[in-house]
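Scrolling down, you'll hit the structures one after another.
Paired with chain B in one complex and with chain C in the other, chain A is shared by the two complexes that follow.
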Partner chain A sequence: MWEQIRANKRNSILLLMLMAAVLGLLGWIIGMSVSPDPRAGYFGVGVALIIWFILAVVSFAGGDAIFLAASKAVPVTKEVHPQLFDVVEEMAIAAQLPVPKVYIINDPAPNAFATGRNPQSASLAVTAGLLGRLNRDELQGVVGHEMSHILNRDILFVTIAGVMLGTITLLSEVFLRGMFYSSMGRRYSSRDRGGGQAQAIMLLIAILAAILAPIMATLLYFAISRKREYLADAGSARLTRYPEGLANALEKISQNTTQLSVANKVTAPMYIVNPLQKEGMKLSDLTSTHPPISERIKILRGMAGASFADYSDAFSKTTKHATVIPSSALQDDTAVQIRTGSTQPAESAKNQARNIGNIMQQVAGFSILTCACGLKMKIPPNFKASQVKCPRCGTVQPIS
Partner chain B sequence: MNCPVCKNPMIILELDRVETDFCTQCGGIWLDAGELELLFEDSHHGRRLVDSFHPEHDIKEKPRPCPICLKKMQKIHIGEKNTQVLIDRCPKGHGLWFDKGELAQVLTKGNFDKERKVIKHLSEMFSHKESEGKK
Partner chain C sequence: MAILLVPIVIVVLLIMFVIGIYNSLVGLRNQVANAWSQIDVQLKRRHDLIPNLIETAKGYMQHERGTMEAVTNARSQAMNAKGVAESAKAEGVLGQALSKFLLTIEAYPDLKANQNFLALQEELASTENRIAFARQAYNDQVLFYNNKIQMFPSNIAAGMFNFAKSDFFVIEDASEKAVPKVSFGN
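Our next item is the complex of A and B:
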């Protein structure tokens, strides 16, 4: 997989350069549209490059923190969910990586993502809805998928791409809105002499560029992230030696109908399953960040073993396309047997709902008091009184 | 989640894996969407209770905001005639709000004695308050 890692590092730099070029061009066009003087164009480029530089620094130094904060992920300790920590540690050992920081997103919709600059500073976030619904094998499949993203250095690339995409979208939006509000005044002013026509053409190009740039950036971002999802699925199968776990997890996640409220257009490609997908929508068009889930499940279930070669075969058989697994991975691949899954009975929907509620309360920092009469009282962290009276037996209990 | 009446954070009560949100100040109870049906394991009876809901429009009681979406809740009459209890329901279906004692009224006055288990359960959860009458 070294080739894949090197390619990802190279792509990250390439992406930064490409984004610099796009931003610079956008800056120049906007500059020229304001005034026909070439100095205005250079000024635009200068401003754009300064913005680019700040962004590059930000995405290297704190891109992961931005995404974690935007997703309202809370760092948790082992006590909150011991099984999650077990599985994360297990997968980190299997992938020969340091154990990433673990975050929980307090949302009932099931999903997960990984972020960070490098494996040493990686973070892994899962939602309460995911933890409540999946059994150990399924959770392992999802964590294995995220661990593969970390192993392949996808996390740096996607973080940079996300920050850059966010800025381009923001810049063009600001420009387009500015155009809309200022166009009325400009049309009737007597300021434009002579160079009016050239300026009008530049203005047209500027509007076009401002509309196209975010679309182009989005397409690029999406096209790349789909291949990554397949690769991470293959990696998960190999790390867990149990492709059925991830397949079951994906199936459960896709049955969910609640939307993840903290996800948005920019953070969507980071998740294991597209969080913005509406029910019944077919995700086979250009703009989909993730391959169709049904296809991912079919590939995983069609694997004869758990190695990259097995995934590659199953992939070609299911999609009728050439394999997405890089040749270097296939070369130093060894045969991996599929292990037998545990026979944990499936939990009822009611129990799952209760699990999710419990995890969310724990993450939110509720303190739990059990009265002598058997009634359990869960006190929210913002509860003001220092004691609470049990409504069942009337005992007054202090809140620690 | 904050109480729609006194705006203070509510606590969650759990007895035998049944959960309700409870305001320690005014004694009101919030049931999340579907929780009422969950309480009635046999959802046929829960359905019967839900079927007896009918919205009222000319009620002077002050409208309350849903603790989840903050939309004005509808006033709903629940139960058969003569034994009706007026409760609040979120228009977006987030759940039901019972003022102090209203849930107990619904459960005892309504003809739901077949579900004694649930009634016993819920009235037990708040038995102290009911027997004492006032705070």
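Our next item is the complex of A and C:
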């Protein structure tokens, strides 16, 4: 996969440069719209470039921390969910990468993402809803997908792109709101200033640019994130040797109707499936950050083996497009047989819901106290009393 | 002067090029060795886990003494095995004994309800996966290294400094290919 890694590193730098140009232009237009003096334009460029520089440094040094915090991801220890840690370590072995830091997002909607500057500083976050719904093979498929993002260095690119997109959106918003409020004041002063037709045109351009820039940046961001999803799916099948696991996981995730409350436009492309959808609607194929889920499932199920070549064949057959797999990956590839899945019985929806509740309580710091009569009591973390009375048998239990 | 300089520059560039390839080949060879040692780490994990597993199961499965002894014996043989071939064979026997043991567990619902045992079962499932994934990662690394050795231009440097091809990890017995099936009834 060296070709892909190199391409991602190059694209990361290219994107940084492109964003500098876009921000600079935006700064110049906004500056010129404020005053026709060219010095105002230069001042605008200067301010934009300083903002860009700060952003570049921030996204390199702490972009992952921003995303984790924005998604309300909680770092967890192995005791909270041993299986998740086992699966993450297994995938790290398969991908020959250091074990990433593991986070759980306390949300009942199923989703997952990976972030970080490089594999050494990578973090992996999954929602409680995902853990409660998926069986071991399915969880492995999802973690394999995220591990492929880390392996391909998608995480750096997406982090930088996300921070940049966030800023462009923010700057435009600030400018447009500023225009809105200042135009109310201008109504009284415009008569004595007169003239300045050029400035009025400049102002119009500025407003147009401020509206269009975030849309353009979003479109660009979405277009480049789609190919990565296919590649990560192929990588997951290769690592787990069990494409059915990821296919089943995607199917379960797509049946979900609850929305991930912590996701927004900027963080959406990081997740394994697009977390943004209309309330109460199924995650449909209309999403643009990700390829259609039904297509991804169809490709995975159409694989004859678990190698990149098998994914490439299945991809061409399903989408009628040329392959998405880089040639270097196909070259350093052996035939990989699909392994047999584990025979884990499917859990009822009720059990899944109970699992999700248990995981969420555990992440939130609830402790479990088992009474002598066999009743399990869940003690919330903010429960201050030193003892609790068992509601079934009435014995008073001390809380350690 | 300038005419003399050109061949010197070319020779220096060539030498630097060969040094670069040589270093990357050494790096890859070390990665192959490292991938191999990772398998051993996971096998050790398997050996460490078995006594705990047997100890927990003992109280519930008096009638399966034979199956448990087979696992214990296979474990000690695998731990004492010398050399790659012998060790691979002993680990294969152990893998089979473990999957047999896990099959018999299905008949003991009490054991399957034991929290401690459930945790061990997850550990065992993960360990078997780790072994399989470490072997797969080793083969990936060998393929990458062998490709480098055989392909132009790195094959020239490989030939000059005698870089030998590495062997893939091959499981001879077809029954060993299957990782022991671990089921999670609850």
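Heads up, the rule we're going with is that the second predicted complex is superposed on the first by the 382 of 400 C-alpha atoms of A that agree within 3 Å, B and C clash if a C-alpha of one lies under 4 Å from a C-alpha of the other, contacts with A are read in each partner's own complex, and residues count from 1 in each chain.
Please note the rule applied: contacts are C-beta pairs under 8 Å (C-beta built on N, C-alpha and C of every residue); 3 or more make two chains touch, one makes a residue touch a chain.
Values in this document were obtained by computation on a predicted structure and should not be read as measured data.
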| item | value |
| --- | --- |
| Overlay on chain A: chain C relative to chain B, clash or fit | fit |
| Chain B versus chain C as contact partner of A:374, first or second or both or neither | first |
| Which of chain B and chain C A:83 touches, first, second, both or neither | second |
| Chain B versus chain C as contact partner of A:138, first or second or both or neither | neither |
| Touched partner set for A:94, first chain B, second chain C, both or neither | second |
| Superposition-derived angle with apex at the Cα centre of chain A and sides reaching chain B and chain C, degrees in steps of 10 | 100 |
| Contacts of A:389 with chain B and chain C, given as first, second, both or neither | first |
| Contacts of A:244 with chain B and chain C, given as first, second, both or neither | neither |
| Smallest separation in angstrom, by C-alpha atoms, between chain B and chain C in the superposition | 13 |
| List of chain A residues in touch with chain B within their complex | 350, 354, 357, 361, 366, 374-380, 382-385, 388-394 |
| Residues on chain C engaged by chain A in the complex (per definition of touch) | 31, 35, 38, 42, 119, 122-123, 125-126, 129-130, 132-134, 136-137, 139-141, 143-144, 147, 178-179, 181-185 |
| Chain B to chain A touching residues, read off their complex | 1, 8-15, 17, 19, 22, 24, 27, 38, 124-129, 132 |
| Complex interface listing, chain A residues touching chain C | 82-83, 86-87, 89-91, 93-96, 135-136, 140, 239, 241, 331-334, 336, 339-340, 342-345 |
